[in-house]
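Some notes on the structure that comes next.
In order of appearance the chains are A, B, C and D, and numbering begins at 1 in each one.
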Amino acid sequence: MTLRFGLLGAGRIGKVHARAITGDADARLVAVADAMPAAAEAVAAQYGCEVRTIEAIEAAGDIDAVVICTPTDTHADLIERFARAGKAIFCEKPVDLSLRRVRDCLAVADGAGATLMVGFNRRFDPDFAAVKAAIDAGTIGAVEMVTITSRDPAAPPYDYITRSGGIFRDMTIHDFDMARWLLGEEPETVLAAASVLVDPKIGELGDYDSVNVILRTASGRQAIITNSRRASYGYDQRIEVHGSLGAVSAQNTHEARIEVATATGFARPPLLDFFMSRYTAAYAAEIAAFIAAVRDRRAPPTTGEDGLRALALADAAVLSATEGRAVRVSEVLG
Amino acid sequence: MTLRFGLLGAGRIGKVHARAITGDADARLVAVADAMPAAAEAVAAQYGCEVRTIEAIEAAGDIDAVVICTPTDTHADLIERFARAGKAIFCEKPVDLSLRRVRDCLAVADGAGATLMVGFNRRFDPDFAAVKAAIDAGTIGAVEMVTITSRDPAAPPYDYITRSGGIFRDMTIHDFDMARWLLGEEPETVLAAASVLVDPKIGELGDYDSVNVILRTASGRQAIITNSRRASYGYDQRIEVHGSLGAVSAQNTHEARIEVATATGFARPPLLDFFMSRYTAAYAAEIAAFIAAVRDRRAPPTTGEDGLRALALADAAVLSATEGRAVRVSEVLG
Amino acid sequence: MTLRFGLLGAGRIGKVHARAITGDADARLVAVADAMPAAAEAVAAQYGCEVRTIEAIEAAGDIDAVVICTPTDTHADLIERFARAGKAIFCEKPVDLSLRRVRDCLAVADGAGATLMVGFNRRFDPDFAAVKAAIDAGTIGAVEMVTITSRDPAAPPYDYITRSGGIFRDMTIHDFDMARWLLGEEPETVLAAASVLVDPKIGELGDYDSVNVILRTASGRQAIITNSRRASYGYDQRIEVHGSLGAVSAQNTHEARIEVATATGFARPPLLDFFMSRYTAAYAAEIAAFIAAVRDRRAPPTTGEDGLRALALADAAVLSATEGRAVRVSEVLG
Amino acid sequence: MTLRFGLLGAGRIGKVHARAITGDADARLVAVADAMPAAAEAVAAQYGCEVRTIEAIEAAGDIDAVVICTPTDTHADLIERFARAGKAIFCEKPVDLSLRRVRDCLAVADGAGATLMVGFNRRFDPDFAAVKAAIDAGTIGAVEMVTITSRDPAAPPYDYITRSGGIFRDMTIHDFDMARWLLGEEPETVLAAASVLVDPKIGELGDYDSVNVILRTASGRQAIITNSRRASYGYDQRIEVHGSLGAVSAQNTHEARIEVATATGFARPPLLDFFMSRYTAAYAAEIAAFIAAVRDRRAPPTTGEDGLRALALADAAVLSATEGRAVRVSEVLG
């Protein structure tokens, strides 16, 4: 069975998914829609699919699944529409920036019996997946502490920051999902500290650029997340999990695996500096996992519930940073 | 000028200092005192010095400086006595577990014009010193975040835990000192999360074994400290400092620098698993720094004030973990 | 301009090229031919091209270039035929196992004005290319010594060994090409030592499984190649170049970039153990380089002459190992 | 039992041994002799021993063992004298540059029943010893190939080169010993290639500065040694042993274990650039091994025979490089 796809949104991340779908032997990209016709045309030309309207894709008999890569504020509506239209749905995170809206949307999708996967690409990175496999194999015993370091090469444009919900919701949210996945237990309390060190203008916009978060589960497991909006040496993405029998870590990915030795010392190239080159394999594996879930009528590996819980942690972190106290997740989840 | 030493306390750490003093061309170990005569005799025999009473060392005309390695609850009294006796003093941390007592003691030492160095050995580790040198050279720009990972191979005996003041005061205190040193600014607030994951008996004794702490300075710099009372793979001691222009990190020290490749993969030996073998070079450099400070009539690199401030951070961390809130250092320092 | 390809040979390496061609936006796979119809059908089905005979591809007006992946003993004939047919030719190494036959074939191709690229995939590996770029940038000064370590996970089937020309011609030949490329000068003499350590049966077949070779150029630059038919830990592929100002090296590629620390030490996964997964990126870059050369009417980066010279070094190595003496390349090249 | 030492030669390496002896609880440095009185005085003052003549040490009743660190051309005579005087002897390599003279000297020492250890410090390096231990534990199966990379930071003074016997006898000789030790079998044939790439003046003096050597044992095991008189990045000392079940390697030692990440990449400090700092631990372990051998009346771990065989390999390498052929060790050993 080949899964037939409609792609909603032909921007940067939309192209990533177009390539991943086309490269998968079990999938076919049938149509693409975008508010900007030129963007849709470009994807259609490169990957040999049609340009259609969203309405046409919704009504199409030759499309089984959609990938939603449109602006964040359209996600929840599109999920509801395509759930009702009986399509399987892969939606880029977040579903919405409002926990209440997310909850309502998930209820609709659930009521329609739709398969809904929310994109948390990092779980599908081969190295991070190998870390998880080592944990699941019992190699490090019971998980005790998760350490996640995540730094972007540079801050995003100011207008992105004003729309994104801030660093905890646009950047740390990936780490919240990773932490939940690796801890193996739901975090119960959140402690966050936040600073503006990279660019004062970010502070003027009401956001932070340098944050640390501690998550704590009911049994006392902890995760520590450290984020920065800048890293001169590339896209810094590391995880380490410490357990009763040992620890497992995933290293960064350099531009090349070479080392130069001269009189000043030993030098290796910077890290890959863009999330798309860093996570190329992850995006392909992510779509493959979605395809497999739809085919086998299984729950996808990252669900709407995962999106909801990561957002709740972000909301709790904002509250903690603002009020200088430990915030229980139940305070924001209700 | 050769600095003539009296050693107070001939236990484990006392022997470390005896060796360091003997190996330093600018120092001579003249006498050793210990409540247990056999311990003092052993050090005297191995390093060719006399056994004397503390009183005799206090009164001795042939002794310029003392190293205090006696039990913690004697430190403050001995500092005061030897300050009044006109000796230069190197004292193992902590001065005392009570901030008030520390403050009083430092006032006495200060009033006597004594040179007082409090032992924070890690600052003298060659690798950590190289990290600090890179920061001071401006290589990574302005410091933004300090990450310290510190895990002991195994928990100490229960009776140590009952006397030590708990994990924040006996273990994290080293990391608090490192954090202050590397941040280059005083922490202003402390956020701590603490768990019992290693051994429930530690919890019954009123202590924790797994903690994370976030420190934040007035300008927003942050340090994150992660501690555990266990690490199967050895004595885990890492630091990383992230700045506006880059980052610098110090790696762990393995038992040997070899790697074995077989069908199951690539294997390196565990880490050195004892603080004395891990920090051999640091202890020697620490005493050398004390000797140089006394000789040059300079302030020692780690002072009583450093001891006081690290202890204050520990007290604040205890409060934060207990009350689930950000604690200002000024609350405990008064 | 899109380069239209015919693929000759639908075996293991043929499939690698089919995927690379299909994935290149500047190329199209038009047809595939194979003596075994089922193999050709499979490639045609997966990549959406036609099955044709070699004769039909030779005569085709809709095919600009061919990739020759047929058995070695057909390479020279096919090169001559397709050169005469006016196609651009990419041929897997070697052109032939006989230096004389190679020379004759190259003369035919040259006479026909054909573009001929001989596949030495390793030059196109991103890490090795980064090594070369560092050399070309002058980072390590004048090249002095090249060290190449190349070990296969396991020995090939016996019947391959009987047809391949032996280890120097089927395995070291890749390293001879790398050495020439990295030395920047032609080797003048060859010293080789050869043993049978892996499998006595390989010795009975007249071949070796463990060899070391030293190449020396006229100016005294040297390359040392070490090969084995087995490596328990995966496909071992390393190069290091030492120059007047420093050195540059390329590390191996592990199955995943993770490390597990337990009481027995620190463990990383084995190396990728198959040349196709190890060199996936190299094969894609290789075909892209061929396409670019044809498009721009430039000489391809690896030519028939490169194939000839690598084979000459292999012949010289066989002679050196047999006779226990330094062999001048001119002795075999004539 | 404390072993009482006389030190013959108070130069650079003599001081290394003086420190090692003094630091060993089972040894005492009683006297030092040197043709230059000031040199002897300096060692005597620093380490608290007497200055004596060689004759006085020879006749001394309070000296059990001597360490010979005088110029090479005095080694054989001194070994014979002190063997006859009934002292245990530790002699820096080489015994002599003439195989015949070495053989005669060893016969005298043997006839006198003397304990004679020839200094090959590298075997006692903790990392290299860990490599050997892994081999002896069977971890990598049967040894197949040994790879030794040894590069000095810079060429020695010209007058040293004229007296040293050349690169194979002054530098590669260490690697010949390591190769014998790691191969576990005697090399039977030697293939060497030699160039002058670092400094033409070295060539004018009749020596080389860049060499590669292949050793081959009767069963076909091979060792490859690569040497250079220069390495911009420090003192390059690596070994790797490949066997039927895997491989084991020892990495280089950097000035500090830190890494700096900036926009240009990741940088580690150069290697330790002096053999004395690189091999501090090795020199201490070497003397300890000598002391233990004398105490336990065992053969020392590196004997006169080891010195003889390493020299024979050097002689064979000279012959091979000159004549361009494989040289059997029996040709030079007679």
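As a convention for this text, a residue touches a chain if its C-beta (ideal position, glycine included) is under 8 Å from a C-beta of that chain, and two chains touch if they have at least 3 such contacts.
Only a predicted model underlies this, so the values are computations on that prediction, with no experimental measurement involved.
Novice: Out of A-D, A-C or C-D, find the interface that copies B-D, where copy means more than half of the contact pairs are identical.
Specialist: Within A-D, A-C or C-D, the interface duplicating B-D belongs to A-C.
Novice: Count the C-beta contact pairs for A-B and for B-C, then tell me which is higher.
Specialist: The comparison resolves to A-B.
Novice: Subunit A to subunit B: how many Å between their CA centres?
Specialist: Taking the mean C-alpha position of each chain, the two centres sit 41 Å apart.
Novice: So, what's the distance in Å between the C-alpha centres of subunit C and subunit B?
Specialist: 57
Novice: Touching two or more other chains, which residues of subunit C qualify?
Specialist: Each of 231-233, 245-247, 261-263, 269 in subunit C touches at least two other chains.
Novice: Spell out the residues on subunit A that touch subunit D in their complex, using ranges where they run on.
Specialist: 231-233, 254, 261-270
Novice: Contact residues on subunit B for subunit A in the complex?
Specialist: Where subunit B meets subunit A, its residues are 142, 144-145, 147, 149, 151, 189, 191, 193, 195-198, 210, 212, 214, 216, 219-222, 224, 226, 228, 230-233, 236, 242, 244-247, 324-326.
Novice: Which residues of subunit C touch subunit A in their complex?
Specialist: 23, 25, 46, 126-127, 130-131, 134, 139-140, 245-253, 255-263, 269
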